[in-house]
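A, B, C, D and E are the chain letters, set down in written order, and residue numbers restart from 1 in every chain.
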Amino acid sequence: MPDTDVILQTHGLTKAFKGFTAVSDVSLSVRRGSIHALIGPNGAGKTTCFNLLTKFHAPSSGSIHFNGTDITALRPAQIARMGVIRSFQISAVFPQLTVLENVRIALQRRLGTAWHFWRGKRSLSRLDARAMELLDAVGLAGFAHLGTAELAYGRKRALELATTLATDPELMLLDEPTQGMGHEDVETVTALIKRVSAGRTVLMVEHNMSVVSSIVDRITVLQRGAVLAEGTYDEISRNPQVREAYMGTTDEPEDRRAATAAPSAEAS
Amino acid sequence: MELFGVPLPALLSQLLLGLVNGSFYAILSLGLAVIFGLLNVINFAHGALFMLGAVLAWMGLNYLGLSYWLMLVLAPVIAGALGVVLERTMLRHLYRFDHLYGLLLTLGICLLIEGALRSVYGVSGLPYPTPEALSGVSHLGFMVLPNYRAWVVLASLAVCFATWFMIEKTRLGAYLRAGTENPRMVEAFGVNVPLLVTLTYAFGVGLAALAGVLAAPVMQVSPLMGQNLIITVFAVVVIGGMGSILGSIFTGLGLGVFEGITKVYYPEASATVVFVAMVCVLLVRPAGLFGKEK
Amino acid sequence: DANGVKIGVITDMSGSYADLSGKGSVLAAQMAVEEFGGKALGKPVTVLSADHQNKADIASSLARRWFDTDGVDMVIDFPNSSTALAVQEVARQKQKIDIVSTGGAMALTNQNCSPTGFHWAWDTYSVSYPLVRRLIEQGRNSWYYITVDYAFGQSLEADFRKAVDAGGGKNVGSTRHPLNASDFSSPVVAASASKAKVVVLANAGNDMINGVKAAGEFGLIKAGQTVITPSTFITDLKSLGLNAAQGLTYVDPFKLDLDGKSKDFVERYYKRHKAYPTHGQIGVYSGVLHYLKAVEAAKTVEGPAVAEKMRALPVSDAFVRNGKVRADGRMVHDMYLAQAKTPAESKGPWDLVKYIGTIPGDEAFRPLSASECPLVKK
Amino acid sequence: MASGKRATCAYGLLLAALLLAPWLGLYPVLAMKLLCFALFACAFNLLLGYTGLVSFGHAAFFGGAAYACGYAMKFLQLSPELGVLAGTAFGALLGLVFGALAIRRQGIYFAMITLALAQMFYFFCLQTPATGGEDGLQAVPRGDLFGVLPLASDHTMYYIVLLITAAAFLGIMRIVNSPFGQILRAIKENEPRAISLGYDADRFKLLAFVLSSALAGLAGALKTLVLGFATLTDVHWMMSGTVILMTLVGGMGTLSGPLVGALVIVALENKLGDAGNALAAMTGIGWFETLGESVSMVTGLIFVVCVLTFRRGIMGEILARWQGRATPQPAVPAVARAQPGAASPGQG
Amino acid sequence: MNMIASPALELRDLHAWYGESHILHGVDLTVNPGEVVTLLGRNGAGRTTTLRAIMGLVGARKGSVRVHGQETIGMKTHRIAPLGLGYCPEERAIFASLSCEENLLLPPQFACTPGAVGLREPMTLGEIYEMFPNLHERRKSQGTRMSGGEQQMLAVARILRTGASVLLLDEISEGLAPVIVQKLAKMIAMLRNRGYTIVMVEQNFRFAAPLADRFFVMEHGRIVEAFAAADLERKMPTLSALLGV
């Protein structure tokens, strides 16, 4: 396949923490415009992978290419400015700011005045319209002026998504976007992800197999830090190794539901 | 024989003297490291407690006629008891908050202890004689070394090693290390972690007081004696890597020697050399020489 | 003034100089007032006191407020040179009298001299030059310095070096150490290795004390080296203990047993303070007494007029006999070559010093001809 | 601050009071000193309250600038405005150096590194001849502002200082509410998230640090101009401790807290003796007379009491009452004790 | 063991809070000695919190928790375990700075005083290594350098050494390869045969189903369903409604 189709490519990505290898020799390639999922048992190294891709951790070895350029040496914020924006496994918002301000923080970057310490706050109000649009898209328009700390967990995740969208990322990295949500919310967010993925690429970690099976184009399975398998949902769910390591060895018709219930989403 | 323009004996003798200083650094930074490790508190009062140890030794001798050797045991115990009180009544209430508050509280305690002793004993200091048994000098060929200073090095090495052994090699030490990582879980195993925390603080404080007694015969016993030492010791702790036991011991001794070398070649810088070393280390290893990254 | 003459003692009550000035200075001022009869110009004399915490800003704002709103006419003591210089500036602006007793900075009567500012007990010149001359005469002609590494120590060492050069002696080396160093073994070992006949501890306070202790520990004096501690107060000897201090040589501005008057003062002072007066403290006494005499003579408390009388009148009291105040504000008086006694020689807890010579005032202080004070070059 | 009207009102009243102060018998030099320290505390609080960084080395900027200003005016014969500018620039420069070294570490590590750096600077000031060592840099002339307006009069000086501090205070308010300030708040609340949105947190913090040190420098330079000297006290670590105390007492992270804190602490340093004497006279207990000699003990006591009982500080408490906020929201403690295991940065 | 004197564990109207948030709203639960029970429920139902509340690891708790008849609600955390409780937390809590063996030796053994109910002869290191040969192999390696499965075994083995008779196991099968899960299942069965009382929290119904004597289902901080293993078949529809199993 032509190189331009690959938006993100890693070669031999490895991360060792004091001798413990959390990610080992992962070579990943994410196609432009696709929704790509990273799955695997707890502690498989999914979040660590995200941390490496966004340079929150420095890789022990290996390289990362984004749009053909080597970004292995860049700082996290630089990577973000190139259009790779991540969300966090545990909801990451700015709790003491209002909902609107949360989104505005993300929008502010394009204004180019982030360093202007002499300018008034009012100069930011022209971002409000766009911020409201985004909030509307995730169904939070009614909460715009509420303190973020007061939001319910599911709404915080929605807000996080809106904030991520506000930066207009080319590649979105979502770490368990539906974790901690009720059934209805899961469906809404799944639909939302599907909707916003138009024109972008999404790489997501997800334990919820119904979400994975419904929107994901391609799946990479990690186990003990290494790639175990890669393919479409159907390929993956038939792969005996994956079934042994992750989805379980139960009978065919049950496996989806079992997988849905099995792994706890609770992080450490 | 000369080395870079300095006669070798002079260099050797300064190195040896540096080691004596390093011993004090090592005990003090060890105490700080132990306290920081388990309580996450930077004990700003450490210098004041060091001074308290020395003053206690003086009080013991002058009011009760207690010998140096007795005070070497008693002073740390008394200071440790004070540590228990401080931890139980004050520090304990701050663990929930930012670590900064521990630093500020102990700074306040430091000012209180120093102020109180100053109003009683003034500042010009109290004389404390070298204990009889250690008063002579040894001729080492390249220098005369007062026996007392040799004793300081030996005693502090012994104390440091014993502490290291206790923390790295014993059951109690395992509780301590586990408690640093996850105190609640250790408690769930049935270990009385709050008590452990109290005792750890008391132990760290006791170490400071012990250093104080060791220092009494060589430094003037005065309420201000800890004030300037402590910030240097902070730098030692930062260089060693905060909370690292072995790091604080080696860095303490090493920096003492390093300072000794500086005194030979460029004495003007001897006050700042520790801080310069700190900056250099931080540039290369932000977590300190023996520290763990985040 | 309606409320009579007010004298303010600005001193260090809680810091490093508290023992050699502090409350003892306040007492000395009160004793001077009592001796003067408690009244000047027919009105009562009051003594105020305050702690400057060794901070120049506190000392100067205190002095300012005292001058401006509390009607204080004169301020005295200042053990710390930065506070002394800061207050001298304020006093100059307000045309009030300031007398520095415990502090020793040369600048006070040199480039920073003031028409209403006086320097009473000692200064760094007076404890170095005369001493060098005496010792070189005795054949102690090679000198080594252990110097605290800031202005005070540096200028002290420089003074000594010049004096040694002038007297035909030899400077064989020096070691610098930081302020409030806890360890003096290295400089002392270096000094011992230098085999110099005289080792000067060009430092003060706790540094000096720790230096002396180390010198004793490493056997300098036993090996025949003369250890000089220029800035020695009697409280330093007390806290060192004679075991460590014995044989120290220095210049003392005050001879405790000069005559009956001095002895009597010391005795009365001891009864009230439980300690002998340092030369800084008795300097406060002497300064206050002289000031009051000048006020009486001038028949006013106006600073310039009083200052003129202070310069005109001779100084004579329990502290000094034949003192005189020079144009630059320096009070010139005899100084004494002193040595710490051995424990065997000492007959009481405060019997610490023996005097081994007298340095006439004119020889003790820097000649006016060398002064940079603008008041002199008229 | 939500209750904007009331706050504006309060600040207006404060300004009016300050404008009239010299005519109401407030001693101008003391008032000026107070303003300088208030500015210093505000500068410190800009860093602490809005980035959560605790610098234990701010004395270096304050004192360094005080020396720089004094040196420029006394030895280079610069005019006051240039002297103050030189001081401010020096503070900023020193801040850049310190910040670049320290900003990579956080919390208590940051505090200790800044402390050690400041101590290094202290020894430098002690040893270099330019500062006059223990004597300090004395008799710095006030000079003529812009070469025309003589500042010798305390009243003229007072209004100039008031003008500058008020402007600086407004500046701080502006910084806090600027687009930059918004990013700072975001970084303080959730640094990994801010980074993931493309903001180089370290650089933002560094700029905040430099701004804070420049303002601390401004305060130090003004102090030299007002009092006419700069001494080692200004660079001693206790000065850093004092400014922390001011902020702590006043209320961290509140705009007005440092003003109140500075007032309390300066008054304490200057008036404790009087207060002690008054108490002694009132109660007849002679012990109170010695209070004036125990400033450092009283300071220590305030530290202990503040930390143990009212961590929000005076203004923090008042504001909390006003706004009826139920949940305490201390400025610094972003988190309680770090949960073990949850420390991986990706999950902040 | 201790005859029917009193239940091994008895919760009455247990409430628990994390800071401001009220998580448990009156949990009632009785576990008899020698029984294996399983707490089921969706994510966030409060099962972990129930176990933590038993150990006194929550912010605040109210109600009654009796261990072998002894009320513990007012006790400090470190006094609870010696009554014979062993808690294996969800996150395993293996200590990074300790080696495998040090981890194993970490929890103090409770003095098996004659009168003490609820305690049993602690397992020796030898017995444990016999049961988990993997641990013996890796006994010198750093705690966190072991694989997830090994860590999980270590976490369970660790509490067996103390002499506790009531084991609280939180999601021990979580994130483990099925092979290891099967091993753990065997281990639980064996412990049951040895007379241990076990409270398991499980998402993995398939793992828990064959092991437990009784099941409890939690929702929103309450027990909403309780039934014995015999009723399992009959209850399946309810369960799938409650859990989506």
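In this text, a residue touches a chain if its C-beta (ideal position, glycine included) is under 8 Å from a C-beta of that chain, and two chains touch if they have at least 3 such contacts.
Keep in mind that this is a model prediction, so the values were computed, not measured.
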Chain labels contacting subunit B and also subunit C: D
Chain of greatest Cα-centre distance to subunit E: C
Per Cα centroids, the chain farthest from subunit B: A
Mean-CA-position distance for subunit E and subunit C (Å): 77
CA centroid of subunit B to CA centroid of subunit D, Å: 31
For subunit C paired with subunit D, centre-to-centre distance based on mean C-alpha positions, whole Å: 37
Where subunit A touches two or more other chains at once, by residue number: 18, 268
Numbers and ranges of subunit E residues touching at least 2 other chains: 91, 93
In subunit D, residues with contacts to at least two other chains: 123, 127, 293-294, 296, 341, 345
Contact set on subunit A toward subunit E in their complex: 18-20, 41-43, 180, 224, 244-245, 248-250, 257-258, 260-266, 268
Partner subunit B, residues of subunit C touching it in the complex: 14-20, 149, 175-183, 185-187, 189-190, 192-193, 205-206, 209-210, 213-214, 217-219, 235-236, 238-241, 243-244
Residue numbers on subunit C that touch subunit D, as the complex places them: 13-14, 18, 50-51, 53-58, 60-62, 64-65, 68-69, 80-82, 85-86, 89, 105, 107, 112, 149-152, 154, 178-179
Contact set on subunit D toward subunit B in their complex: 54, 101-102, 104-105, 107-109, 111-113, 115-117, 119-120, 123-124, 127, 237, 241, 244, 248, 290, 293-294, 296-297, 299-304, 306-308, 311, 330, 332-337, 340-341, 343, 345
Residue ranges of subunit A in contact with subunit D within the complex: 47-48, 50-51, 54, 56-57, 75-78, 80-81, 85-90, 92-97, 101, 104-106, 108-109, 111, 113-121, 123-124, 163, 167, 175, 267-268
